[in-house]
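For reference, the structure is listed below as structure tokens.
Chain nomenclature is as follows: A, B, C and D, assigned in order of appearance, with residue numbering initiated at 1 for each chain independently.
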């Protein structure tokens, strides 16, 4: 932590703050210039915040040098975390794991038909929403527990592990048998929920909030890990900017950045990012090119009649075409989908 | 809803979509230009979404004409909603209600001392956090249930009604006796939580998410109202932009906009918006000038030692000075604080 | 400047960088922790940039402690700059100077009629566009030189000094006699233009770019001042965010921040910020409440037929009403409009 | 254009507006619902704006259906524009043209050395700045005219056509012999400059402003084309968002979107987007994957001593490695670099 003191700060207040910091086990290295006094705080700074220091009137500014997260940090855990779900690995550097399926589970026929189709095309996981976070209380809210049962039937039919969203703590008992539990973008800073899923063993797919900084995103992963669950998969799904020609702006730079900053796997959701069916394949290719550990893609057998997000869903035929070309992109660097 | 069809859309698909919309009780008014065909959909469009229409390949664009919210809309409910908490009115146009207190409840002495001080200066409500949403799992998370008890003691001592944040559904039983329940910015789209507080009778102070559009903000209020609780107070607390010279950017234009668009009271939180003690008074004056129905301001008896957000807390003396000048600003248009 | 070195940086590279910095006259204060080495650079750091330092592979991060601007900084020039235009003072702390007039000068009758009206209501300056920056090449581009002549006629008729926008270097000779030259938001970083107006004596009203940080805004003022013209007036006119319920988001926090950070006068343009006629008065009141040194407001005698920005222009009658109430707000703190 | 009238609009005002629009050659198709009246305006709507209509108090909202640009629009000009610079084609769908070189031209040795190196690795164009837009007036501003001369020498030595930035109208005579003239992000809405380069024959590489919407970007291209120069190359170089872990956020979705919306070539600048050397190659691969017509990449023979942007420059060796892998990515879809 670097602290800049105000010009003309009172000696007594400086001494008090020094004492206070020393008591917290921090050593102070001082650099005195003509106009400016700097302190470098050395020691375990993860339990103090720049804001706390700023509450002192003699402090001009305070900034962290080291990341505020620990368990999520690559410097703390240098090797890649590889998550193994029934033999399907995410984060091993060799496979870009494709998760595919409809936005919402609608009927048994629908989910089984889509599951079979995406499996045939090479998807390794089946995604589908049972509990749906919708902006409007008047929109279809998902089938709930029944949707989870239908997903499990589709899993039984195809062998594909399932990925589905959990929205509230009281739904946790229903998710015991879910292969990967998704925490949605709007719940990325629902800290009570993060703490609870941190007590589970299921891998957690954590989506980045629409305007979450990378630091906040990793701090949310840290919440889960600090509660005991180290199986966190990070998912970029588009951020909010000043423009709206796509629903959100897919921030692909986050993939190389996260691969450097953390050991956790990183996947991309091109469907929610752009919200436009015809653009999904192009973004999916780019996601493979930047080295994503996986993709999560919406596929619906009848997008025009979908109860949710039909405008961004591929048909099974479009998905099949896409898988072929994604394989070629992955092969450029010796990877596979 | 306005629908623009793609050039050269197939007749059969057009007929299908027409039939589909007619079955939903919508009438179609068609305008045909040389290059463009427009439909004006007339009827109850609140149950369909532009996205649904876009899932049809023949649709170029689709846009709402009427707001997607109903109960929150002033066109649905023309008179101002006035919320009466033990005789303290919020939203009556005459009073700008001041809520004040520390970010976190820390000790009995602290909360009572602050409560007495802010009451003496003219605050009508005591704010204080018991459950705290913190970005880091390693930061102080609030006193929890014990903090609620201390708030109630301070209420008993001063008579000030209390405002405090609820973070999760399972905490609801503890909040029965809380005068105003706050839903924080990071939970603005925690839809399960919104539905549950919609079943309560306590007034809900709903904070705008850091990057929530006004439409999304009102849709979150709609969630609460649609579940049965019409006592919603909207609170602007700063939005996220490209700059960071203040913690967030206080968006004061939202006050006149919301007063036009909705009948719900609107209050301003200048403390969280800027995150800088010395700027709070200036923003508070502006909030009165734009016609806010209230302000929520952080006050701490010893900001430099505060466990949370000390950098933005006023001292009781600073708050007292501020109250005097706010009274003068309110008086310009015949109001009072 | 604070420099953080990478863990395990090679000694030889560290020595080279040290030498390099010493040669630039900078002293290095080193703080060595277990995991981190910090340098505080002491001396004149205005000629080096953090980016330059980051070009060295051994540097982890580099951050300024002192502002990169000098002449614009209050620490360099503690007293307020007061700009006196024919006896009308801007920035003296007592007057909030109102500038008013149409977006575009259209005809002699129009500009004279509006000028007389706004003068009668108490405006101290006449604004009006002759050269207009329009997003579309097919929109009305202003009357150009003829518009400037009409402004001068209106000035002669009313005695009001004129404020009008300069868009290109080759227009400068036409602006010799203009009382305040405006540089528009889209030209805020047209550095060649800034350098040229820095050679003039006319006060420059510099508008903040739509997504310019405060630092960039002040660096643009610094460009003008570094070329010799110290008469710079800063104007906030709304920034671009993720929402669009108003055209831009008026960032009122910038007023107290700039008053602290710089000695230059700060004015507000509520008309361009919101782009909605009925909201202008509310924002104007708030601008007075935050202590702006002036306001620039669009007034048109027939907004529905205006060639430009009619949707945000007040009628003379609306402006007259507004001036009365602004006077009351200014009076709260002993100021006047 | 779609116009929504306010509820209860006066008949007389409606008739006036109808007459007014009819006089402009527009036909009105009316859809009347219980609460809402819609007009579809049919005819040439490029000369009216939604804002103009909103200046009428009876208008609730007004939105374009067709794009406000014409010459830049693919519907106006369906075939791809291919720009041929001395036999090097940009936009032909087969080649992804690589432009490479230093941020700033510094010395004859430097520019020749870099030019030879990038040519050897397969670059088709030499980039280099002579006039530099720098945020600070105290930073190196480029060699100016001398820099242009050095670029021409390097062109002579290598045969590579040159790309360099023009900042002001009065520099145009110096640029006659420049192969591609760049207009920088900060000048994207310097409309006078756009009009002037619209009178030239040289291809114009137009960079997207840091917070320009796609619509604004295309309107700036339209300015150039409307003045007579149809050789416009669009360049995405990162946008400004709420986060800053990279300098800007590379918005790769714009490539497929622009390829659909316009016939102009689209290139990507990964160097300025991220501002971090080690991330450039990853983003460059993704840019090829989304189908960019070219890339512009910074390469410096001694990045640690570069006078500008050394932190984002590749060394010639790094660039050479990158070219090899980019070739493989291009080959996936039968293209070449």
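General remarks:
Everything below uses one rule, namely that contacts are C-beta pairs under 8 Å (C-beta built on N, C-alpha and C of every residue); 3 or more make two chains touch, one makes a residue touch a chain.
Listed by chain with UniProt protein names: A, B, C, D = 3-deoxy-7-phosphoheptulonate synthase.
Since we're looking at a predicted model, the values are computed, not measured.
To find the repeat of A-B among B-C, C-D or A-D, check which pair has over half of the same contact pairs by residue number; it is C-D. For the pairs A-C and C-D, the count of C-beta pairs in contact is higher at C-D. The geometric centre of subunit A is 31 Å away from that of subunit D, both derived from CA atoms.
Centre-to-centre separation between subunit A and subunit C, using Cα means, comes to 39 Å. Between the Cα centres of subunit C and subunit D there is a gap of 26 Å.
Residues of subunit B in contact with two or more other chains: 211, 240-242. Residues 211, 213-215, 239-243, 245-246, 249-257, 260, 273-274, 278-279, 282-283, 285-291, 325, 328-329, 332-333 of subunit D are the ones touching subunit A in the complex.
Of all the residues in subunit A, the ones that touch subunit B in their complex are 46-47, 49, 51-52, 54-57, 68, 133-139, 167-170, 186-187, 189-193, 195, 210-211, 216, 219, 222-223, 226-227, 240, 275, 303-306, 309-311, 313. Considering their complex, residues 2, 4, 27, 29-36, 38, 40, 42-43, 60-61, 63, 65-66, 75, 211, 240-242 of subunit D touch subunit B.
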